[in-house]
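First the structure, then my questions, so here it is.
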């Protein structure tokens, strides 16, 4: 199913090297102000260009082709498309015979009987996170609007990298700094990136996402717990290997007396081991979760694969332009997915 | 939304101390043999009774009230109900004023304006995992049937505890043993359980689930990756804090050359760091994931909560019958959720 | 798919002669007062007993087994079950070999490989409209509640028979009478019924449904027009052959200058040829549509069918207890379906 | 909800005078051959140009921007867009103050707080049936492919006008002729059209749709009967007032002995009063239904409306380019909707 959401519904389409990629948003309330400029900031955060990211540069200019009239949303389906211009499809001919380890080359071929568009990973490409980010911008508008209308404290969704190459952010920088933008990468991380570039290898990272201020009451006991919905959305980002809320996997080694969040003088938890969710429903504490991203699959370093043309195992050095650590571009995608889930819950809510 | 699935659809209903709990299964193929006895094994695995589990004993006898005729499924909605008999509702009056830390007492009240059924946790109760297990039994039948009809190797779903109270299974037992049933709990775990009982505290655990033999090609690139669907289902089990596939969170600290699974002589991966999924789609390797369960929220040990009647913080010692480590009963629930997801994917598949 | 609705979701289960039939309602707001007595009136309107309806009498006593606590809805799934007691299954053995013309005997067998429950029509039975009526009662409560909370004029759904055996109501009774309950059947209709009973034949009817007072703005331009949703729900009532809104089929023979509703001094239409809907969206005029019900399929009169056991055409006189005109019991079912659709739209609406 | 279907899913977007209109198709099987030329025939059948249709001429050239690679479908979402070029938006400024009788001007404004795109009817425009026709072309491919693969007789969907301006086709032409294309309009219809043009008025029509050869077993008893699904899709075509299957509304005046279809020597019905459906499920006879289209709402003839700017009733003569009988272009749209429903049922089916 290519659509996510019940009332705010997001449908993604396109391939990495196809004519257009885009997103259709259904259920966007009428009357939200929306202009092309609103997308700039988040699209730039996802953009390549920094050291450790792919040299492929796209204009990534969003065209709003339906659902907006005279600067505001109309209530009709809102469609945003992006053109693919900077494509070098010849790089990819090789992988039909020699699937890249870690990629979807093989599974796509098996699923779709070799009919998939192989250029740039086709519909599996990380490029498809661009329309996701665009959807996230609209979702964030819906969340802001909910705040204004209902005077409720639903606030910004904030994600950042907290671990890279196994090096925790806390060990390498002081906490104050990390609250601001991550434009400056800690030196220890930069060093790991430089080394990986040199080795033709790649790196993973952990992204933490927080919604500092969210109303209680969102989510369902079965099946649509807040964790279920967020995990569903987040695991559709290419390269995610795990997700945990609050104390996460550490909770499994804690005692109840340690993990349970005591309830304080205002009827709210005094710590946040639950990550802001009890019984699948937001409890008013910050919604907090962490996402594990694998290292980029495409590496220059030689790897073993199977050569289907020759019928033997073979060695592959993946050519082309790739991120050393694509997770550097992932925080804004995680934010988008979170905003998409919350916008749907806000619109579905009676409040 | 109280329903999960697209073609094999599962709807749960009921409250811990209500008249009936149950499940309606839609999309069950006609002609599957199904009898009450088929549920016995999995229901027993979920059942309380062992040391460390709640002393509340229920008959847990499934009544198939629709969708089965003369021993086989009919194709019409299949409904299974269970009666609640051994209920002691007076235990729960207290928690309206003094919500239990870690529980949904507060969030349910906030979501449903104090209208929720508070007895035994109502619809939030772990008791609702009983109809989930029943749904899992039917889902497993669908998976078996798929195997027989198509001669494909979709096999059993197998979950077990691999860590309890922070103690890994591998350190305390030899691997051969753990392949069989977990009827005998390792001594180190039993010791931790005994101590927690004595302290009036509780314990968490990590459950690992494996589908050793599964066809490639299940799942979608967006939004319904296999990981998305399984995470969605698994996070609706009460008490789950995290999920990871294959190398999971460890992948974030690995290099691409370490984490990528080389492709071997048969065109299949030679290790399984991806947990059997590439690009959201099964690759033919065993589907493998781990789930973190928090310690039981209800503990005898005094905890701080807010007394809404008195308007002050207060100390609560949760009375009643509770599991010290409810995760001991969780593996079969994780299996059920996994089977539910896979049965839907198998039925949706063209193959 | 056995479920209807997006936010107010209705799932039906059961067979005519099975153990239980019932309905699971998801998305019912918390805090609605609901008691067993609330169902009595509508269930009685659907009940058999009058001349021309089946002699099978069931207690039809609704048991609310989840989702209600201390007299109000909880917000959790609301389940209502009915027991089947007065079943005479031996009547139905015959039809496996000799399918009844007009019935689903053949299509069910073809669809479900002869695995269907044949007793009393199984899941295809008109008896399944009983849980639909129960769902309708809850839906009507939601509509009433919307009225009270928002001070909007969403009012009762009212359906009645306007034609029976080809005889229009307007020709045989004065309009004032028909506004009240249809407890007294016009003499011309009664005469047609008596004659059909004598001939062992059956009769059809047309039901008109009106929502006299409904807010403008419900429905969507694509795909969920109000007409689409109501038609979807109404065509799942067994025996429906057609539906038309406002001028209906007559509109196809009208000119635009005749069919277009002029807009009057209050900005509302001065006639209602559109049946209260423009562009798929309610316009504030009464929502009005008519539903054609076929004559009862089961008749005593001999009919030609195919005898699959003997491999030849054969003559069938359907034995058992049947309505001469089941449409006499249909108005409350049409009301229920309409209320189900509108309750969903009201809950989905932002207002 | 802007999406229809469960496995073959159709999402429409765009406005009459917006930048692009289009459709995203999800669940299209991989490997179907698909080229731009495949759309030509059906798009031409929908096109304006003939007498009685709007003089607005659009290129209506489909651009397949995703989901097709080297001439075949890939399995990924398939997106088709059309550019709007021949737009004369100034015609529509008037209607914000003076809503056109029969149009969605008022309901759109009420639903979307005056934020809708008013140009050319915006998202409510009949122009949106163009992407529906494109979706229908792909759906027909899926039906053809099902036929070839399974050797089943699912064949073409065929719709035509059977009544125009109240004049039945059977009275004005011989049956053989009508089996072929409707390129030549019967003289009596043409006369009615000419007269309506002269009077500045408009005409309605009835479209009949037949699927001559379809497998038994499609559809569900609740809620997704074949009639429910087709009616849902068909009522989302602008201007539909009614739908009836088989004997339709006439069935309500028939006796059971007349309406029931006798079962013949091959176990199939010997007449088709049921329109090919029993109990919501196809029975193997031709699927047959009729759709009532209202006369075009936009007429030159003066009509009464409310002038919201002046606060008084006023007289409107709708300017601009309009069909006298838009139903002349509707048969291919009805076919598309039918094919969309059937393609979904075929893909969902196990067979």
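The chains carry the letters A, B, C and D, assigned in the order they are written, with residues numbered from 1 in each.
We adopt the following convention: a residue touches a chain if its C-beta (ideal position, glycine included) is under 8 Å from a C-beta of that chain, and two chains touch if they have at least 3 such contacts.
Because the structure is a prediction, the values reported are computed rather than measured.
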Least step count from chain A to chain D, where 1 means the two chains touch: 1
Winner on C-beta contact pairs when B-D is weighed against A-B: A-B
Farthest chain relative to chain A (centres taken as mean CA coordinates): C
Between chain A and chain B, centroid-to-centroid distance (C-alpha), Å: 26
Chain B-chain C separation of Cα centroids, rounded to whole Å: 39
Distance from chain D to chain B - Cα centre to Cα centre, in angstrom: 46
Sites on chain B at which at least two other chains make contact: 1-3, 6, 12, 76, 111, 123, 221
Complex interface listing, chain C residues touching chain D: 1-4, 6, 10, 12, 99, 101-104, 106-108, 110-111, 123-124, 128, 163, 165-166, 196, 199, 201-206, 216-217, 220-225, 227-229, 231-233, 235-236, 238, 240-249, 251-267, 269-270, 274-275, 277-284, 292-299, 301, 303-306, 308, 312-313, 327
Chain A-facing residues of chain D, complex: 1-3, 9, 11-15, 18-22, 24, 26-27, 30-31, 63, 65-67, 69, 72-79, 81, 111-113, 115-117, 119, 122-123
Chain B contact footprint on chain D (complex, rising order): 6-7, 29, 76, 221, 347-348, 350
